[in-house]
Each structure stands twice: as C-alpha cells, then as structure tokens.
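Two complexes are shown next, each including subunit A; its partner changes from subunit B in the first to subunit C in the second.
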Partner chain A sequence: MRSRFKRSIFFVEKHYLLLLAPLLVFVAAIALYPLLFSFYISFFKYRLTDPNQARTFLGLANYINAFHDKTVVTAIRNTFVFVAGTVSIELVLGLGLALLFSGKSRGMRVMRSFLIIPMALPSLVVGLVWKSLYNVDFGVIPYYLKQLGLDMGRGPLGEIKLAMPAVILIDIWQWTPLVMIIFLAGLKSLPREPYEAARVDGASRWQSFWRITLPLLKPTILIVLLLRTMQGFKVFDIIYAATGGGPGTATTVLNYHIYTVGMVFFKMGYAAALANILLIIVAVLAVLYIIVLQRQQI
Partner chain B sequence: MKRPRHFHSPLLIAVLLGVLLLAACAPTAKRPVEPSQKTPAKPYEGTELTLASMTDQYVTAFRYLIPKFEEKTGVRIVLDELGYVDLYSKLTADFVAHTGNYDLMTVDIVWTGEYAQNKYTLPLDDFMARDKAALALDDIMPVAWTLGEWEDAHWAYPLAGYANVLNYRKDVLDEAGLEPPRTQEELLAYARKLTDKDKGFYGVALLGAKGPPAAQDYMAFVQQHGGGILDADGNIAINTPENVEILKFFGELFEYAPPGATDYWWDQRETAFRSGKVAMMEGWSIARAGYENPEISSVVGKVDIALAPVEGMKPKYGFGGWGIGINADSKHAEAAWAFIKWLSSPEIQKEWIRHDGAPIRRSTLEDPELNEAYPWFPILLESFEKGDGDYRPRIPQYSIIQDALGVAVNAYLVGEMGAQEALDQAQARVEENMR
Partner chain C sequence: MLIILALLFFMLPVYWLMTTAFKFGRDAFAIPPKWLLFDFTFKNFQDIWENSQTPRYLLNSIIVSAGATLLSLLLGVPAGYAIARSKSAIINASAYFFLLLLMIPPIAMLIPFYLVMRNLHLLGGYAALIILDAIFDAAFVAWMMRSYFQDAPREMEEAALVDGASPLRAFLSIALPHSLPGVAASALYCIIFSWNDFLFALMLTSPRTKTIPLGIMASFSSVEINWGEMAAMSLIAITPALIIALFLNRYFVQGLTMGSARG
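Take a look at the complex of A and B:
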C-alpha cells in the first residue's frame, strides 16, 4: 500500500517535471545563461566594438579597478542616497496613505484608483514629464516657486544640491502608490480581535497603532523594504530621462554609470563587473533586512 | 501495476505546444505584391529598405520625399525616426551584432572615423566611380565631403550640410544700436549689454546639459577661438591652457544665458530663442527656416543670421550635419544606393530644401528661386566655403571624447569643479578609455 502511494507520487512528479521542462529550459536560456555569461566576461577585457572581438583575461582587475574609479565611488554614494531617500519616505508616506484610504466608502475607492495612475505610467515618460515641469525657464513648478519669491537659480534639476532631492521626489511620486497598495493588503489581513481587546482595555488609537498595527505589519514592511530597495538600486529610466546623471555627477547612480560604460564605451567586461558589484550590494542588503526583521519577530 | 494508458499525454501536449510555438514564430505572409511586370525601369520593385533617421528638421523632407521615390521605383522604405542618443546606440548594436536591421542610416559627421575604422557602413567609392556621370560630384561643396569621407574612402554620402551661424534678433540689436558681433569678445560684451534679468530677457542661448550638448557647444567655441581638441600631431589635447581659458570664457557667457541653460539640449535652446527670451544664439543653420513659421515661433520676421563670430584667426566656420550610409550587412545595397543617388540629384535637392532639408550642393545654394525663398543662403554659402568639418574630431574615438567633455564641461558650468580640474579629468577619462 505504502509503496504504491510512493510510486504514484514519483509518477506524478515525473509528469510535473515533464510539463515543467519547457519552462525550465526557457528560464535557463533567458535568465541563467546571461547571468553566468556576465560573470564570465567580467574577468575579461572585452570591447564590443573591437573589430577582432578580442577577449583578454584580466582576472579580478575589473573589480579592483572599480574601487579606484572616482565615478564609481561617487555613483555608489549617490545610489545609497537615492535608495535611502526614496525607500524611507515612500515607506512612511505609503503607510500613511494606506491608513487614510483603508476605509470602505465609495469615495475612498475612487481616490485609491486615482492614486494608482502614476504607477501605470512608464518611468521614462514620468522622467520626461517631470523634466518639463522642473524646467526653470518654461516649467510650471519653478514658475510658482518664483512667484513666491524663491530664487530658483539654475532650476531643480540644474543645481547640484537640488538635483538629487528633485529626482527622489519623482521616484516618490511614482512609487508611493505601490507601497500604499501593499500596505492596504497588509492592513486587510490583520486580525480584528487584538483591536477589540485593546479597546476594552482603554487603549487610545495612537497606542493601538504603535503596539498592534505596526508589529503585526512587520512582514508587510519587510516586503516593501525588500521590493523598493531592490528597485531603488536598479533605478535607471527616471535618471536617464530627467538628468542624464547630471548636473556634473550629482545624480549619476551606479546603474546609470553601468549604462555609460556598457552602451557608450561598449566596455562589456568592466560593465559586467560593475553590474555584479551592484548585484552583491543588493543581495547583502536583502539578507540583512531579512535577518534583522525576522529576529525581531520572534 | 500496469502503467496507465495516458502516460504519453504530457509528452503529446509538450510536442503540440512546441508545434504551436513554431507556427507562431513562422514568418508572416508577405504583403501581396501587385502583379506588375518587372520592367527595367523598376529593377528593385518589391524591395523593402529600412532607414534609421535622426529626428532633425530634415526628417520632414524624408517623410515627403520617400513616397515619391516609392512611387517611382516600387521600393518600399520604412522610416524609423530616432533621437540622437537612441540612434547611435541602436545603430551600434545593429552593426556589432551584424543583424542588418537597418539598410540605410543617417550618419552624424562625427561618427565618420568610427564607422570607417570598424567598416560598419559600405564604402561607396565603387558605386560613385560607376555612376560618376550621373552624380555631378563637382557640384557638391568640398566641405560637404567631410560628411562621411575618411582616409580617401566614402563611408557615407553627403546628406545635409549645416553651418554654425549666429542667429540674432534684428529688433533687439537695432534698438540697442548694435551691429551683429563679429568677434567672440563682442559677442560676450553684447550678451552682457542685452541681458535684462528682471524682464527675463537674456543675451545669448547656449547648450549646457550634461552629455553631447555641453560637449558640442564647447567644441564650437574652441573652434571659434582658433583652438582645437587635438594637437598638431593628432593627439588628444583637451587640458591645454588655451582650452582652459576658452572654458572660462564659455562659463562667463552662461551668466548672460537663461538660468536653465546649463540643462539645455538643442530643442530647449531652440525653444528659448523661438519664444523670444534671448537676443542671440549660435546654432546650426538648418533651424533658420523654422523661425519664420508662426506655428512654432513667436519671433517671425524679427530674426536674421550672420557669420559666426570668430576670434584671432583667418575666418573658418564650424561645419556639421549628416551623411547617409548603407549598412555593410545590408542585403539591398543596390536599392539603397539608388535611393541615395536619387535623393542627392540636383532636381530632388530643391524639393529636399523646400521641405526642411539642408543643402550640400553649390547649385542648390546658388539657385535664384531658393535664394528668394531663403534670403540667408549667401551666408550659408560663405560659411560652407570657409567651412571646417573637423573642429569636432571625426576620429574613431570621438564618442569617448564627447562623453568625457560632456561630463567635464557641465561639471564646470554648475560649479562642481574648476576649469582646469574639469579638463584634466576629461583628458584622463579619454586616455583611460582609449586603451
């Protein structure tokens, strides 16, 4: 009896494998192969535009050079600023909006769907639209700020000190709705009993938020943090469209620099090495988040 | 236990799926070709060419002329309009992978060396020798050959010649009692004089955005001061004392430009000039006709052009523009060449000009009818005669120089670093990437 049961499991698995095979082949071809190939070429000097397509083995030189490259160091710093700025503000704003719009009235639902619009737009379009809005000579935003008597200088995207916050604001505008939606789902799944018990015990709404809602939302917060951090590290379209990494190098993030190295200089080996550095940073951070937040949960 | 009979069904499903997939990937049926006899007059009937074009003004002329060519020859041309940065990277990807997606492409003058060295485009010399009689080669302005000529071979054919000219507001300069500036010092002095920040009016419009704009505008000013990016032996010499001085001069001009100018690409500089916010603007001659179009310009009738102001040298004027090349991987080189030949013929060139194209032939520039419609053609002719197509080095490493300068010049303009430091860094970046 038991062996028959076992056999049927095996039998079913075989079917699964067979059915999964096309997908596995597909994943290996489009995800695994490029990844391994990028690891492979990151040890070579490989110029795509070189007529001979020569690949010279360099060992770890590409990785070591990266940390002596001034632009890479600036780019990594800028990336961290961008990620810290966007993730923290989006987290707070997203949670706030979720609490605000968690009601069930019809107005709430209409508002919620409006808030989702930015997310549906391609980032490139968003970047270009904001570039026009920010334009100091023809744009709307500086126009009103100037009416208030503020000196706009070269404009939000033209001043070194303003460019990064301006770009962060674009990202916040576009991606806070996503955070809100995730939190809304998280809030919906919370049990009602603790709140009822708290009310019976005379807890204020503030207290029940800090003591019940936040701790219970921890898994959701983890998801948001992971998702937005990873997306933040990979930011490209908004920067490409709005500033091109400028003014100077004020908004050159790592991914944008990788694009320059790879698609302007066509130095594929070095670009692959930089991309792998980015991958490692993101992976380490992701693991850290998971460890920290899971430990607190116990 | 006997195996159930349906054991083969998953395999069957997989096979069926595969068949379906293959079917979906099969080439779609070709458009039905009208049953017409292949006459010698239409030897390329049914051929399909893809043309990648920069979205410069002349794209309007392509849109107008391509149907005429299609009608005449039966060749179908798909026009793919791309912005500057996209065009460059899409073409490079196409060349490097030998995919041959584009048969024809507009080639910026500065890509010449790179395309020639890597043999991305087809050398046109055999075609030109064969069809010499029909091409009227002597009529093409000598400077226009820099649009594609590299080491005695032609990697692109002249398509649209641009001269760097000074556009100015007649009304504003008249009111101030000024003649258009002839030297760079005068340009700076007049820009200072004409700027009225309280009224939001500025002396000059410039390109300062990080990337190609800042790099190219700076190189234009280097040329106008008689300097260069390469030394006499052709070595990269970006951080020379002269160039540092010119960068400082360039920075000073920005004080009399709209505050957003450090973020301007070509289109925003045009907007600034066309919306009447600035008195003077150096730029490519191809934009000139647009200032008389009330749909896009609020300065109709108020603009004139003059030779670009130059300092301390025998006058030479910046020349640029676009050639048109045939992909070395194209399977339809003959048909593509037929298009180039037709487009550059003297009669069609007149139509090309009337629909926002740019001239390459002396006969076009001296044509009385066109001169009546475009009274600034004599200035263009003189600029072309004394044209310098090499002020932006057309060497294979041009894109590296442009990128390095694009970062450095912008960094100086926004105050991230000093002029010397910026150019030192550009020099280092070029040297490092040329290795």
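Take a look at the complex of A and C:
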C-alpha cells in the first residue's frame, strides 16, 4: 500500500520506531558488534592457548594462507561435493515425492504429516541414529548389504570412499521432505488451463509434465536450489555426530573445519578469517534467495 | 508401491530409534536385526533417569528454551508490529535486514560471540546461550509477526487512533490481544529451535548448564557406548519438538524455509 504523500526516505514515525528500537539495539549489540569484531580479529594472529593472549597483526595473511592450507582446500572441495550431492538429489527426489503425495485425500494428509518428522528431529539425533544404522558390527544397513553380497569393509562411515556418500544420504533423509513441501506449495499454485488444453490435444501425462509442469515450476526450483545450497554450507550437527569429519578428512566440510580451528585448536584469528569467507559465500546466496522470494510472492 | 517405499525409507530410521529405546542391549544389536519381536523394557529410561545428570539436562533445556523464547517474543513481536504498520521506508526495509540476519552461518556468529562472552565472563552460564539463541529467534519472530499483522484487520486499531489513542496503546490493547495465535505459533517455533540447538550449546555451556543434546553426546563418549540409553534420551529430546512440529505444520515449515535451519 503506497502512501498518498511523497515522503522523505528518512521519514520515521516516532511511535513505531520506539516499538522497533529494542530489537534493533539488541541486534546491533549482540550480532553486529561480534561480526565487526570478527572482521577485525581476522587480520591478527590470536590464539587463546597463548598465555599472553597476544594479538599479532598479520594483514591479509590469514586469508592468503587459507587458500594454501591443504585441509582448507580439502574442506572447500568436500563442501562443494556435499552441497552438489545433497541439493541435486533432494531436488529430484523432493519433486518426485511432491507428485507422489499431492493427493487431497485424508490418508494423503496423514502420510504427509508423517514425512515432516525427519526435519523436526534434532540433526544431532539424526546423525547418531544413522551412525548406528551404518555401524559395521551391528548396524542394520551393512547387515542387509552383506546379505545381498556387498561387503563394506570398515563400514559406510569407515571407508574413505563411502563416508561422504553416506553422509549425503543422511542429509537427504532429513531434508528431502522439506523440498517436497516447498514443491507441494508450488504445484498447488499452478494454473489448471494448460493441462486441460494439453489433454484436449492428446498429450500424455509424461509430456505435460515436461512441457508444462517443469517450466512453470522454474521459480520454485530456483528457490529450492538457493535455499538448500545455503543450508548445505551450514551443515554441522550431522557431521559432528556421524563422522567427526573423518575418516581422515573425508567428510570435513568448511563449516566443520572452522569449528575445529576455532573451538578445538583455539586459533581465533584464522578461524575468524575462514568464517568470514563462509559468511561471504552464504551472504551472496542469501541476497539472491531473498530477491527470488520477493519476486515470487506479494 | 512407490508411496510405500518412500514411507518405509523415511519412517524406518524413526521406528528403529523408538524401538531401540525400549530394547535390551542384546536385542538392540541382534544379528539379524529384530524389528518386531523383542523383549519390551523400560530399563533404558530407568537408567537414564537414575543417572543424576539427566534431570539436570532436561531442566537446563527448559530454562534455555523458555528464556530464549520469552526474550525473542518481547523483542520480536513489537518490532513485527512496527514494521507491518509503519509507512516509513526505513522501518519497512528493516524487515529484510532481519531476514538476512536469520541466514548468517551460525559458526560465523559463534566464534566472535564466544570471544566477547569470554571477556565478559559470561561463558558457561545460561545468559550467553539464551542471548545467542534469541538473536536468531527474535529475527524470525519479527519477520513472522510482520506478515501476521499485515494480514490482520486494522479497523479497530484505526478507530482507536482516530479517538486519540497512541500507536503504542493501539498495539498493546487491541492488536496484541487479537494476535495471540500468531504469537503462540512464533513461540512454539522458538522453543523447537532452542530445544534442538546443539552447536551453540556445545560451545557456550559448562557441565552445570548442559542441555539435552549435549547429554545425548555425553552418554555417547563414555567408555562404553550405550545405544539403548542414547535412544531413550533421544526419544525424550525429540518428543516436544515432534509434537509441536506436527501441530504447527505450516508455520514450522515457513520457519525452515526462512533459511534459518541451524541443523
């Protein structure tokens, strides 16, 4: 609703500002200050384990070192593998589930609410449950695979080649239902006319899916891509619970590595620099996401 | 057929968790796995309850969730109202600022926040965890309540304003009482996210203030991994969030699509 009067962009109502002010002050003090501090500290060598708590100015060294640090490079590569694997599979599977569960019957509604369960669970618990399902000695999954003649060696989480796919599967299990629900909303908002026209023209269901549904769903697909990519960069609990980044560095993603550098080795300056790199990646995605979201609705 | 396959894939791990909580160790790890026929027992629950730490973890989780939720509502609801009703471009735009804030990677916030709290000697208490949870929760509440108030009828408020009431009065005595369903939904969402939070609690709590997810981890890192107890404690940990999420459904999903999944 546009106001009838042309107002200065600096116009604010005193009363509404008063209602907004507490949250603004809180955010400025609790979020902005630490973020600025993190920016500042990322130019220093600052180790909490140092008895003198010395901060040595390094300039851009922390940022430059990051790209020569083997673990960081591995972590970034793992992050991209994780994000690409989870997002692509969740996109296809989520759309499939949405088509499968789009019915209006009571039974469908009940089944849909069952599918919400995985995403309501704490990711930590999800990671632990799968860790035990994957366990090589008594886990259910290696047992049945062995029955089928597949021997997994040290188990899905113990083998370097299998660990990342195994972790990706955990994420798919927890978050595909979310993708399904976003697609369900997208499907619901599709117009009916093109389908009726296609039916009259004798198009098969397969054809109308490829020629009508998919093109019309493009905005929804974009939203899912951006949202899940952004969330993929933030994965932590699942990795912590299931693998701890291992075996070796096979499942060490950037987010998890920052935690290790900062909160296990207490190299705060370096951790802050790495965190800022992650922050920039996610911020770009977030801005894109908000722009797409805005264009979609309202 | 595909429907059954999909349901099996998504429900079997949940079923496994729930049954393991009621199994003796010998049945939990029986090979071949026992899906249906096992000796039912409450022993795991008895054990974790007699372990003096569990009630403590529960209490801590309740304190942190309640604190973060109250603080978020106190800050977020008025802010959401102001954004919804104001005609100022700056105030309206602040909604996007809060939305962006929601999407910040938790670790990027946690590292500097940890240092700040350390300097203030607030590490290990409830305050640090409640405040950091509340940042994300309050930003979400402001955004949620903004759309709630935008959809709410404003005739009564406008009538009060014409009668000379201040916008503050209109908010407190008219808009707020009529928006309780929205406030309740926001509150439940905040509770879920504080209850499920692990990373923040991991870094900011001390043994005295550990929450349930840390309790689960603790039952894990002891000498002998007790999966039955882990499952029993997980079951306690997931129950509130599960009930709330099934209740909230639409709001819950909206929260997740705001990009704030801290998983």
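Convention: the second predicted complex is superposed on the first by the 265 of 298 C-alpha atoms of A that agree within 3 Å, B and C clash if a C-alpha of one lies under 4 Å from a C-alpha of the other, contacts with A are read in each partner's own complex, and residues count from 1 in each chain.
Operating definition for what follows: a residue touches a chain if its C-beta (ideal position, glycine included) is under 8 Å from a C-beta of that chain, and two chains touch if they have at least 3 such contacts.
No experiment lies behind these values; they were computed from the predicted model shown.
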Partner chain in contact with A:M263 - subunit B first, subunit C second, else both or neither: both
Partner chain(s) touched by A:F26 [first = subunit B, second = subunit C, both, neither]: second
First, second, both or neither for A:E159, with subunit B first and subunit C second: first
Partner chain(s) touched by A:L18 [first = subunit B, second = subunit C, both, neither]: both
First, second, both or neither for A:T213, with subunit B first and subunit C second: neither
Touching partner for A:S102 - first (subunit B), second (subunit C), both, neither: neither
Contacts of A:A250 with subunit B and subunit C, given as first, second, both or neither: first
Partner touching more residues of subunit A, whether subunit B or subunit C: C
Subunit B/subunit C common contact set on subunit A: 7, 15, 18-19, 22, 48, 137-138, 263
Of all residues in subunit B, those that touch subunit A in their complex: 1, 10-11, 13-14, 17-18, 89, 92, 96, 114, 117-119, 209-211, 258-260, 262-263, 268, 271-272, 275, 277, 399-400, 403, 407, 410-411, 413-417, 433
Subunit C - residues contacting subunit A, complex: 2-3, 6-7, 9-11, 13-14, 16-17, 20, 28-33, 74-76, 78-79, 81-83, 85-91, 94, 96, 98-101, 103-116, 118, 131-132, 134-135, 138-139, 142, 166-168, 171, 192, 195-196, 198-199, 202-203, 213, 216-217, 220, 227, 230, 234, 237-238, 241-242, 244-246, 249, 252-253, 256-257, 259, 261-263
For the subunit A and subunit B complex, residues of the former touching the latter: 4, 7, 15, 18-19, 21-22, 48-49, 51, 135-138, 152-155, 157-160, 243-250, 260, 263-267
Sites on subunit A touched by subunit C in the complex: 3, 7, 9-13, 15-20, 22-24, 26-27, 30-31, 33-35, 37-38, 41, 48, 97, 100-101, 111, 113-126, 128-130, 132-133, 137-138, 140, 143, 173-178, 181-182, 227, 230-231, 233-238, 240-241, 255, 258-259, 262-263, 268, 271-272, 275-276, 278-279, 282-283, 285-287, 289-290
